[in-house]
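In the two complexes that follow, subunit A is the common piece, with subunit B as its partner first and subunit C second.
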Partner chain A sequence: MDELIFFINRVLISGTVLGSIYALGAIGVTLIFGILRFAHFAHGDMMTMGAFIAFVLATALAAMGIILPLPMAFVVMPVAMVLTAFIALGIDKGFYAPLRARGAKPVTLLIASIGVTLMIQGLIRLIFGSGTKSVFVAGESKDIFRFDMSWAGGSRPINITEPQLIMFVVTALIVVALHFFLTRSRLGKAMRAMADNADLAQVSGINTALVVRVTWVIAGSLACVAGTMLALDVALMPDLAFNIVLPIFAAAIVGGLGHAYGAIVGGFLIAFAETLAVFNWTAVLRPLNAVLPDGMALPANLALVPTEYKLTVAFVILVITLLVRPTGIFKGASS
Partner chain B sequence: MPLIELKHVVGGYGGAPILNGVNIAIEKSDIGVIVGPNGAGKSTTLKAIFGLLKVTGGTIEFGGEDIANSLPDRLVPKGLSFVPQEKNVFTSMTVEENLEMGAFTRKDDYSETMTWVYEMFPVLAEKRRQPAGELSGGQRQMVAMGRALMSRPSLLMLDEPSAGLSPRYVIEIFETIQRVNQEGVGILMVEQNARQALAFASKGFVLAQGQNRFTGTGPELIADPEVAKSFLGG
Partner chain C sequence: MSAASAPLAQGWNSPLRRGLLLFAAMFIIVVVVGMVQGTASILLILTQATGFALIALGLNIQWGYGGLFNFAIMGFLMVGGASTVFLSYPVNMAFWESDGPMMLGRALIAFLVGVVLVLAARRVDRIGITGKWRATIVALAWFAGYIIYRTQIDPAAAYIESTAGFVGGLGLHPVLGWLFGGLVSAVIAFYIGKISLGLRTDYLAIATIGISEILRALIKNMDWLTRGTMTVSPMPWPTPLPQQLQATGMSIPDSFMYARLMFLGIAVLFLVVAFVLVQRAYGGPWGRMMRAIRDNHISAGSMGKDVTGRQLELFIFGSILMGIGGAILATFTQIFDPSGYQPINHTFMIWVMVIVGGAGNNWGVVLGAFLIYIVWVISDPLAQMIFLNLSQLTSSLGWGAIPEIDSRALQMRVFVLGVVITIALRYAPKGLIPEVVKRG
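Entry: the complex of A and B
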């Protein structure tokens, strides 16, 4: 029983947390690719920026002496989402839109987004320094819920932190909301139409400039959620999400570029593959030691991949996907 | 006053103009057919009307208003609709969603128009929940026309609606176009099946090198020995 609890704590919960973050990031990447046809490399830093905005707002509220039962960074998230969305719109207007107007190639836009990456990271370091911060302000602490499993014969509890629990709920709500937006609303359908066939969308009279703006608003606000959640789960630092931008892209490509559901599936797939790959299987298989012949024992660490090489898992999956099913799990816009 | 009137339209994609003075006038009751050899500027004319390329000379008046170089999101609400030749459906979206996209610029209730489109194309009503990409070429053409009709246009422009269709579907599409016209929608179309299309055209335009060569009713053009010899393959 303890082995199962260990597995739930280390794989199921960690994988879902990571998957939620990857999925929220990958949705933005895939929507931007679908509508604007370029790989938005600065997406990770948009997530980090969202987290820092939430951090500033939370600190400000805490300084005003406001104490709430939930983590402050979570409470201020809606405002932070709006601000991040506005900055995303500003970045598009300032950097990407002028290039598009000149008919720049996707690769030019990609390079421009690398520039935006450096700029955002530089600004964050300039303002906040390069150290690691906690988003738990004014003496808040990370609550941990322990579910006693003694009724099932377990000696250890299932652990889940408050931010993790919040993240599961928020991700589920966002996925449902996104689904209804894309399948039921006029603008959501127009967004799918433009991702499907931009020329025909224009000919149909769809206001493509509006669709572009809506895309940035969604991508920016979801990046803020993912970044803030990541900061709540781990810690806040200037390269917080830059480090995971590659698995996020892998998730978007594996799911099928331009396909929002694909990004969600891809996000969880990559996250669980990574989590399972670095999981120490000895912890679960230890009972086998009893049946193994004398003198034979399981090694202390039976992880498939050492933790520091976790990133390679995303690439292995990416390469396999591109070889076997180049359009991604769902048929993507382009690959 | 004609529904749409092009006077000496000059235009292209930058560089040398492709249109060198095109004249077209269509009434609401008309079916106008543009024919001519490859590179004559037939499709380019439709694209010029729809703001998809730069008009550098002449005038395009629609309902008495100058619309040269206006973009589709402004033209569609005015009553202009366009069915491109290729890639004219949203393949990943259902038939019904394709139709809804045609009504994007409408703020009013368009359910009646959708019923009207489904009456015109009963096969689409059956397949309304199917992705348009799964339909046959002829059915896709119907989706494309249905989409363009959802904005309740007064002028429907079609770029080679019969291209790539089997003869059976060509007849069906041409019949549908005539039916749409009888419902009060002016038609302006480009066709490769020139003889077949001119047969029901109330206005025919033979373009060559970006200019009008011959203008007349469809049957007149078919009967003109010079047109027949040079442009209709004898």
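Entry: the complex of A and C
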């Protein structure tokens, strides 16, 4: 039983946490690619920016003496989402829209997004310094829920922290909301139509400029959610999301660029592949030692890949996907 | 473009005059920086800028000539650095006298067994196993090969790391190490190109950046080969070190100046040779064919050009220059530190150099490399100055001084780089010295 609990703690929970973050980021990347047809590299830094906005708001709120039972960064998240969405719109207007108007190639936009990455990252480091910060500004503690498993014969509990629990709920809510938006609302349908064929969508009377704006709003606010959640789970630092922007792209590509559901599946797929690859299987298979003959004991470490190579797993999956099925598992918008 | 259609264009629009003016401006900047920061310091900047110019020429071959997107520059620089460590670092006798070489030999055999296994599995269609079954067998063979290799390399790595530290070098001349860096980069580029060049631009960008991260993870964690995060230093120079010059009785400032000057001489020699070769290739039929492929690969293909083969060729040539450049930079700083490589400093900055300088124009790219590197280096002291003044202002206003000025000013460079690239894309998308397109 203890082995199963260990597995749940190490793989199920941390995989779901990572998967939620990858999925939320990948939805933004994939929507932008579907509508605007370029790989938006600055998405990771938009996540970091969202986290820092939440951090500033939470600090301000805490300074006013408002203390709530929930983490402050989570409480201020709706406001931070709106702000990040506005900044995302501003970035588009200032940097991408002029290039699009000139008829620049997608590659030029990609390079421009790298410029935006550098600027956001430089600004964040300039303002906040390059150290690590805690988002628990009001001194609230990171509650850990321990589910006692003694009823099932386990000696250790299942551990889950408060931010993780919040993250599961929020991600589930967002995914459901996104599903209804894309399938039921007029705007969501227009978005899907434009992702399928932009010219046809414009000819049939869809306001493409509005769709572009809505895309940035969704992508920006989801980036803020993902960034804040990540900061709550680990800590806040300027390269918080820059390091995971590649796994996010891997998730979006595995799911098929331009395909929102694919991005969610891809996010969880990449996250679980990473966690399972570095998982030490000996911990689960230890009971086998009793069955195995002497001298054939399991080695102490039976992980598929050493822990240092965790992120590499995502890239290997990415490269294999690109080679074998570049359209992704859900046949995304590739040409 | 107007310069191209009107050869008699005057003033700013004449590419030659524009180039000369810009190079003169850069020369003035170099002299000014040299007067402010001292000769030894500007020689340091110039030597590193020369290395980056070589790398930027490599990217210009790939992106400027052939339109190939390469985000794996950092990976090639690391490969170049690691190769030159292996060839030029002094011999580590502790390793050669231990069981290390034999264990590594066994790991090599295990690796070859894995390769044979995979190759054999790929041929099972000859005995009638096709489709899904063949794919399954190939995947299983990969897995088995990986396990076999891991069973041999893991103990070997642990043994070497615990007894000898790392493999050490071969103690050869650093210049040989640089050429070896180019060679290893070429081999790796061949495989990367084979895998990924068929992809469309966006996908290629993401695939290459992923591969570059894989290379970084490997070099950073293969402690037995590269010493990983424990870093290798001091690397030998091809020219006398300042310390050696001091031993002959030279004063300390002079020794640094002359040592760097000699190193700069060799680096510039490499750059000039590469430049001449690259420039001649551009003007020749080969370069014309490459531009034809870049501008319309479908029509080039229908004229009988081997598009994928040529693109692979370009990718390899460019990567050789990147490997050599990376090796020169690692030798010059005398330390090979895998954690010192960052995508911002070693991939994106090269892109900024090429875009700002003018993709496709070698003069422009060299200008861009020097200009951007100098901007990158002097943003730090400039920002520090601005911050110190601001800090005085805020403290005089009673708001208190700005904390952590040193570490913050350093980050200004990243912001400046971002601003430069966005401005360049918006207002000078073809670069400072654009490619001259001859028509008619």
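Quick note on the criterion: the second predicted complex is superposed on the first by the 334 of 335 C-alpha atoms of A that agree within 3 Å, B and C clash if a C-alpha of one lies under 4 Å from a C-alpha of the other, contacts with A are read in each partner's own complex, and residues count from 1 in each chain.
In this section, a residue touches a chain if its C-beta (ideal position, glycine included) is under 8 Å from a C-beta of that chain, and two chains touch if they have at least 3 such contacts.
Bear in mind the structure is a predicted one, so any value in this text is a computation, not a measurement.
When the two complexes are overlaid on their common chain A, residue A:Val175 makes contact with neither subunit B nor subunit C. By the touch criterion defined above, A:Leu118 reaches subunit C but does not reach subunit B. Once chain A of one complex is fitted onto chain A of the other, the partner contacts of A:Val319 are limited to subunit C, with no touch recorded for subunit B.
After overlaying the two complexes on the shared chain, residue contacts for A:Ile206 are found with subunit B alone; subunit C is out of touch. By the touch criterion stated above, A:Ala97 is placed in contact with neither subunit B nor subunit C. In the superposed pair of complexes, A:Tyr309 makes contact with subunit C only, with no contact to subunit B.
In the superposed model, more residues of subunit A are touched by C than by the other of subunit B and subunit C.
In the superposition on chain A, contact is made by A:Asn197 with subunit B only, not with subunit C. Residues 50, 52, 71-73, 75-77, 82, 84, 87-93, 97, 100-102, 104-105, 147-148, 151 of subunit B touch subunit A in their complex. Contact residues on subunit A toward subunit C in their complex (touch as defined above): 33, 38-39, 95, 98-99, 102, 104-108, 110-112, 114-123, 125-126, 129-130, 246, 249-250, 253, 257, 306, 308-309, 311-312, 314-316, 318-319, 322-323, 326, 334-335.
On subunit A, the positions that touch subunit B within their shared complex are 186, 189-190, 192-193, 196-197, 199-208, 331. Interface of subunit C with subunit A (complex): residues 69, 195-196, 199-203, 205-207, 209-211, 213-214, 217, 220-221, 344, 348, 351, 355, 403-404, 407-408, 411-419, 421-422, 425-426, 429.
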